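Two complexes come next, and they have one chain in common, chain A, joined by chain B in the first and chain C in the second.
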Partner chain A sequence: MKILYINNDGGGFADYVEVAEGTTVQAFFAARVPHGKPHDYLIRVNRQPAAADQVLREGDRVSFTPVKIEGALP
Partner chain B sequence: MNPIQKQALRAAGMIRRRLAERREEPTPIQLPEDHWSEMQRFIRQIQQAQRHRWHRAARRLTDDLLYQIDYCRSRLSDLLALLRQKSESPALPALKDLYQEILALQEEYDEFDVDPKTGEIRVTTEPIVLQDLRLGQFAIRLHWKSSGGTSPYNIVALEPHPAASDSSVTHPHVQSERLCEGDGRAAIRTALDQGRLGDFFQIVTQILSTYAEGSAYVELDQWYGESCSDCGGLVDEDERYYCNRCENLLCGECSTSCEHCGDGYCSGCISSCQTCQEPHCSACLEACAKCCRATCPHCLQDGLCERCYEQQQQDDRKDAPADPGGQSPAQRDAEAEFPAIDQGTRTAATAPKSLVAV
Partner chain C sequence: MRFSPAAWAKLLFLRDLGETEVGGFGVTAAEDLLFVEDVVLVKQICTPLSVVFDDVAVADFFDQQVDRGLKPQQFARIWVHTHPGDCPQPSDTDEETFGRVFGATDWALMFILAQNGQSYARLRFNAGPGGEMPIPVAVDYRRPFPASDHDAWRAEYSANVQEEEFFDRIGPAALSDPGSEKKPFVPFGFDRDADVWLDDWFGPFEELPLMEEVALGSHI
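Moving on to the complex of A and B:
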């Protein structure tokens, strides 16, 4: 099945990706951000906060936004 | 459909049209040529400073060069991202998606407003606290009608607690309502170009909730003003002095000027002449060739401090042989000092003490 995956880390990225049926939010995060920790990100499914064991469904919109994003001088 | 939903739908349509217009606009390609010239100028100045062994000036110029390189790199990265986005040209977001993005803001933020007339969506953050410094709430105002050339949003402090040194800095990364996006710059641009309004507001909120030490307009430890390294008192921006040796910040009262060169120093870096006791920097003091006491140029004679010089003079007089006329060197000095006095009228009262002693 396909879901819309958005990663707001770095340059920002949004694309439709293929995931297996029954994939949970936790498993999807681990696959996409292997070196990241879930508590360092705001994780949303269909713009709502999601539980780690929530199972993804066809057409879901999943976004990961880092909790800490450093501003800087121009 | 309630009034908010109506406004959200209207705004979604306007934002979609605006996004479509922006894709038709020619891409502004501008290389950072001015900054490139500036970097070349800094390199020439650094080389000149190094030739003259002006180490401090060379260090400061190198810092300026690093800043320019970083700025240039950032501008080139922006240009790269812009050109890539244009070449990929993702599909316009659907009206339904934009509508849902706007409505979702209502659930995400306690205070939310959308105004199609002014072309503005406004959300209010939770109170921002960075390292125990309470900065209050901020309104993030997105103006979708603005052109692509300028930042399409601004950050307004609702309970301003600005930095003591600059009232336009209401947050370490906000000056004059402009956010320095730093690591979030590219993600913000991408989110706006793709109509992901929720992501845009979320990224900006996370930047406001993060303190990047060393990259702020005003660092948090200097928020209430910088303190004098000597007395610890807060120093106003226009009354700042820096020690010429250690470069610590000083207030006017704690900056001590060297009597010889006039440069200002902190209490730890200023010394004093051991003869006249006046403050002098270590560069202006020389060791007496005999007793090694630190002596200022004014008190130094023939490489000796005043005391050693006098001692040397006395020793010279004692050691020198009397001339054929029977006069000692001291007597000859006195002769030169009182030329108008006749030898026969010289008395103990008119003669210098040293002559009487001899």
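Moving on to the complex of A and C:
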């Protein structure tokens, strides 16, 4: 099945990818961001927070986006 | 690095609308990733000393730009923010964000515009051996550009910039677990509600007697 995957790491990615039936959000994250920590990303499925064991479905939109973007005066 | 005249005018306008820092993402032309055609704000909490983007708003921004057909390299590589005052140099917080958030991308650019007009732009390559360099900034008049739109820019500012409301934390969108009433929902990934930055911020003051707090300016 295909899902839309959005990620900013590397060259950035925003396109459809094939995933196996029954793939969970956690498994998908581990496969796509093998060296990343979930805590460093806002992980959403169809624009909503997702549980680690949520099973992905055909057509889902999965995004891993950066968190804690903060600036300050010197 | 070049700005379209409209993007530059918008950035100046946004900088001068309030007394606080303000930040956003530079959105570039597809064929020229260092040519900023627009500066887009996301929801943020700002003070004269700081700016903090809302994580959910950042995710929404990504969704919106992807729906427009843009690639992340066009809208998520150039981090723009302002500094009230006359110093455009990045702070430790700026450097920490640039390294942590943009360190996993193949390249990124930090741009800071100070109140007095001085600016700072640093391009960093994370691919291969890596490297970084300050780069010049210019406004490029050679391409067609739209007219200024103060009403739209003011509306964008009003919709996104929340000034100095430290205690109104913006959390993720309403969390729910429609699948189970017994098992509490735990979002995978970063959970702003569980973050302890406010505790860290105020922690040093909690042990102080009231008069010392007053002396340090935490009660005014």
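The working rule: the second predicted complex is superposed on the first by the 63 of 74 C-alpha atoms of A that agree within 3 Å, B and C clash if a C-alpha of one lies under 4 Å from a C-alpha of the other, contacts with A are read in each partner's own complex, and residues count from 1 in each chain.
In this text, a residue touches a chain if its C-beta (ideal position, glycine included) is under 8 Å from a C-beta of that chain, and two chains touch if they have at least 3 such contacts.
Because the structure is predicted, anything quoted here is derived from the model rather than measured.
S.K.: Now for A:Leu42: first (chain B), second (chain C), both, or neither, which partner does it touch?
M.R.: both
S.K.: Touching A:Pro34 in the superposition: chain B (first), chain C (second), both, neither?
M.R.: A:Pro34 contacts neither chain B nor chain C.
S.K.: What is the contact status of A:Ala51 with respect to chain B (first) and chain C (second): first, second, both, or neither?
M.R.: The answer is second: A:Ala51 touches chain C but not chain B.
S.K.: Using the touch criterion from the header, give the chain among chain B and chain C with more contacted residues in chain A.
M.R.: After superposing on chain A, more of chain A is contacted by C.
S.K.: Check the residue A:Ser63 against both partner chains and state whether it touches chain B (first), chain C (second), both, or neither.
M.R.: Both: A:Ser63 reaches chain B and chain C.
S.K.: On the A-aligned overlay, A:Gly22 touches which partner chain: chain B = first, chain C = second, or both, or neither?
M.R.: A:Gly22: touches no partner chain.
S.K.: If you lay the two complexes on top of each other, which residues of chain A touch chain B in one and chain C in the other?
M.R.: Common to the two interfaces on chain A: residues 6, 8-14, 42, 47-48, 63, 65-74.
S.K.: Okay, in this complex, where on chain B does chain A touch?
M.R.: Residues 71, 74, 81, 90, 100-101, 104, 107-108, 172-173, 179-184, 186-191, 194, 196, 198-199, 202-203, 206-210, 212, 215-217.
S.K.: Taking the complex as given, what residues does chain A use to touch chain B?
M.R.: Against chain B, the touching part of chain A is residues 6, 8-14, 42, 47-48, 63, 65-74.
S.K.: Quick check on the complex: what are the chain C residues that touch chain A?
M.R.: Touching chain A from chain C are residues 21, 23, 48-53, 55-56, 58-60, 62-63, 66, 70-73, 76-77, 79, 81, 83-85, 87, 89-94, 96-97, 100-102, 104-106, 112, 172-173, 175, 177, 185-190, 192, 195, 197.
S.K.: Help me check something: in the complex, which residues belonging to chain A touch chain C?
M.R.: By the definition above, chain A touches chain C via 4, 6-14, 25-26, 29, 36, 38-44, 47-52, 54, 61, 63-74.
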